[in-house]
């Protein structure tokens, strides 16, 4: 089947679930999003990109940004970085403090909030303006110079950051942060508040499908490093639904509470999907179903 | 045996343990205290007070202040207050976040840090300047108008408050605080940083031994309320060593990481002891031994 | 007020709660008990005993037996026994395995099921037929030679023992049991299945109110040991409601899922109450209320 | 590189780690194994098989058997089976009871011990003699009619089964087992005690690499089902090291405390490796390193 047909079929199926799930409500600026949005985009290794639905509408990437900050940190670090953050699935909700206490301030993996705060802290130590560095990278890879932090979302998120502040102060109490909590939080909030479309996301993630090579042919990561980020996406990318995602979709993926999910099909393409309604674990209901359908139609599960 | 003899015997025994335990080290201003201090004071219902050793030397009361803030809050509240804070032993360390997550932001009891933050938050809502109100109360009951917040300790503690900030933001994320985290923390730190001697503490706590009556004969609490605070001290006053304390000492007690322990012998007296070396659960090693010896000599266990 | 009047007043108040709570249902033989029963008995140090309501009707003592097996074990052990079992409140349900795993097979205290299995295991090592030894002791102290294990309850309980078997095998996996799991379970079930009336229980517990002295004047325990069992009853005797019990009732108490609660007023008397309806933590609803009322009327809280 | 060369290179590297790790010691019959063994076998979709080292020496498959019992159960079940067992990584040790209590007796996934007991329980309900059924299947797929349960290991394991008995009774207490605990345990122990060589295992697992097709061309599972078992192997196959395994090795794998690890390279081959020394999470140290080296040399990570 032609790939444009595949995306259309996926979109037709998705249309039947329209409005399923609950738009996240603990960040007021995100709670206002129309739950009926649906978009999907696929970027191939040659940089060509296809899409259906609201695939060019920007939305708040939220936790999907964690994939890119991790990549930027790993590009400039060695294996010793992994002494600061683990890479095991957490088996807990994305914002849980329980494991953090059992493991004395070392987050389970870079994709739960605690781990992402540690990654941001590392990136700040490396480049200073972490979210600015991230934004520059995303603009270049997506070819979209207009990408911006949504300041409205960032302000709303900063005003409702108690849980993340608890995580950050908790890590600070174990001495596992290098920068002030306020700085780390600010940078973390800004990176989560970047607005991107499915098109932008799929293009920006191509380096993960292409052995670490950026769009301009330079190597951001070694092939091995790229594969390893994909492995972490598969085992930890969708919080306490990572097993479910691997079982149903079968490819590396990273979700965000803005309703986006980014998937990587190693050696082939990157796929981004968006629909704001979330299940109780914080993953887009329609997005999960769409990716499930997509890998069924294409047979592109990694398993 | 005469009571002055009892205290002397207790002090002699305590002298043999001199220097046991570790002075707390996570608040720099407290880490400098000489570990060899030992004092004990006993205040009787008529207001007479006896002491041995460093019983008139002020030290940082730290968590012992939680008894008094709780009393001030209960004096102005009804039973509905207990929907904000539980009264069960926690079975966990004083600064654990684990239970707080399992119980969705409702602290187990008013004497773990999370619970004390909630009590302080309540007192702020009632009187505004919570630590000022507390200080006024303590000055009056102890008859010592010179009691003060140790600003050096308070500043040091505020600069090392990550764990308590984590607890406070965590509760705030569940909506269980009414005042801003920064305000609650500031007031909490100030009340912990009050400096008092064993003499001051024993006198200030007499209302708990005397059915709720203050030194001037007015009732702060009903008899029932006073007994209930004593019950909470017995079951929750020494963190995850409450069972040990009940077993060995057998009277209500509240410890602080400054090395003080305040005990109440209902209907008889209040006893305060101080020695800075702590065991791994945060209770004064020599203080515990001294109170154990004291209740053995007097037979004044409540059991 | 005369003590007989006090018990009548307590019974009148209790009558208004008649039928509250749920009869325990996971042991079929106990589920058939009429929820409207209520009895209370008070035994004084001289052996005189008063009662109201169904105070002479036998019921299944269940976990109340744990007080007596602990006493028999402590009578024949030294402090090293406490390396096998802790004495801290658990903060968890009576049959929880969570803490047991965190603490590598050492139960928190002798009154949660895991701890009681360890106590029974110890008593088996000391006397062989633990439940027979217990029964002989209870007959003598209660002056009731007809006390028996209810074989119907024991059989029903043995057939529904999966949770306790899990606890016992779990401890065995840590090497903390000396006797075979099947033996320990059998003896544990038999001791829980002893049927006693409020009258029997109050008399049998007098040694705890009387510094360790048995009815015949001999010393089962030292005064210190008796006080320490009382301390453990207060901090751990009513599972995760120990704080609540200390707060409301204010005396040492031990409950059983048969609906009984045994209370000790040190130096005065022992009180047993029975009403089968339980709250969600496994304590008799009417029994708790009756004891609350009793200590309010008499002022006999230890605090 | 020719595949035989690859295996030789892997074996050479492995030789340098010879003897690393600790042979498991809690089952006496397994503790006697020589820690210096090393073998690796690779079976291709056409049934050809290559090996190096002790690749034809039988060892105790232990938890690797869980892959095959799961396949046999899924072959005869529908999706409703997943209401009995989850498919999320556990983030805990293989024999932990903590999550089982939090999740009321529903095991996290079929590859932790609790989950495998539930799978065995299901297989017993389907076929009666679960371990016999499994053995017949393994004989046929491996082409080795001599495969047997090692009765010596089975007896030793049955005599040291307290932890698994705890898990089984715990599930039984929630009503989540259909067959008697003793039956489930017996069958579970027998399937774990099957002895197989790397050669046998690689051949027996080919259906997972080949879309569910058995060696005789018949379909045991649908393609989708086979992929899903692979997904569960990747996310849950190596206990609390699943993230590490995905990160380093990057293919589905299932380990056993006998020192074996079975890996599936979807669409290509199955690889089995054996070396008895375990790391602290229960995975073969040399086996992990060998598979890491193997996927590095071949580039056959799924990512």
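Each chain gets a letter, A, B, C and D, in the order it is written, and its residues are counted from 1.
Everything below uses one rule, namely that a residue touches a chain if its C-beta (ideal position, glycine included) is under 8 Å from a C-beta of that chain, and two chains touch if they have at least 3 such contacts.
Since we're looking at a predicted model, the values are computed, not measured.
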Inset, instruction - Show which chains lie in contact with chain B and also with chain C. - result: none
Legend entry - Pair from A-B, C-D or A-D with over half of its contact pairs in common with B-C: A-D
Inset, instruction - Starting from the mean Cα coordinates of chain C and chain D, work out the distance between those two points in Å. - result: 47
Inset, instruction - Would you kindly tell me how far, in whole Å, the mean C-alpha position of chain D lies from that of chain A? - result: 32
Legend entry - Chain centre separation in whole Å, for chain D relative to chain B (CA means): 55
Inset, instruction - Return the residues of chain D touching two or more other chains; collapse runs of consecutive numbers into ranges. - result: none
Inset, instruction - Please categorise the chain-chain contact pattern as a line, ring, star, complete graph or other. - result: ring
Legend entry - Which chain pairs touch, all of them: A-B, A-D, B-C, C-D
Legend entry - Contacting residues of chain A [partner chain B, same complex]: 96-98, 100-102, 162-163, 165-170, 172-173, 181
Inset, instruction - Note which residues of chain D are touching chain A in the complex, please. - result: 86-92, 99, 108-109, 224, 226-228, 230-232, 234-236, 240-244, 246-247, 250, 252, 266, 296, 301-303
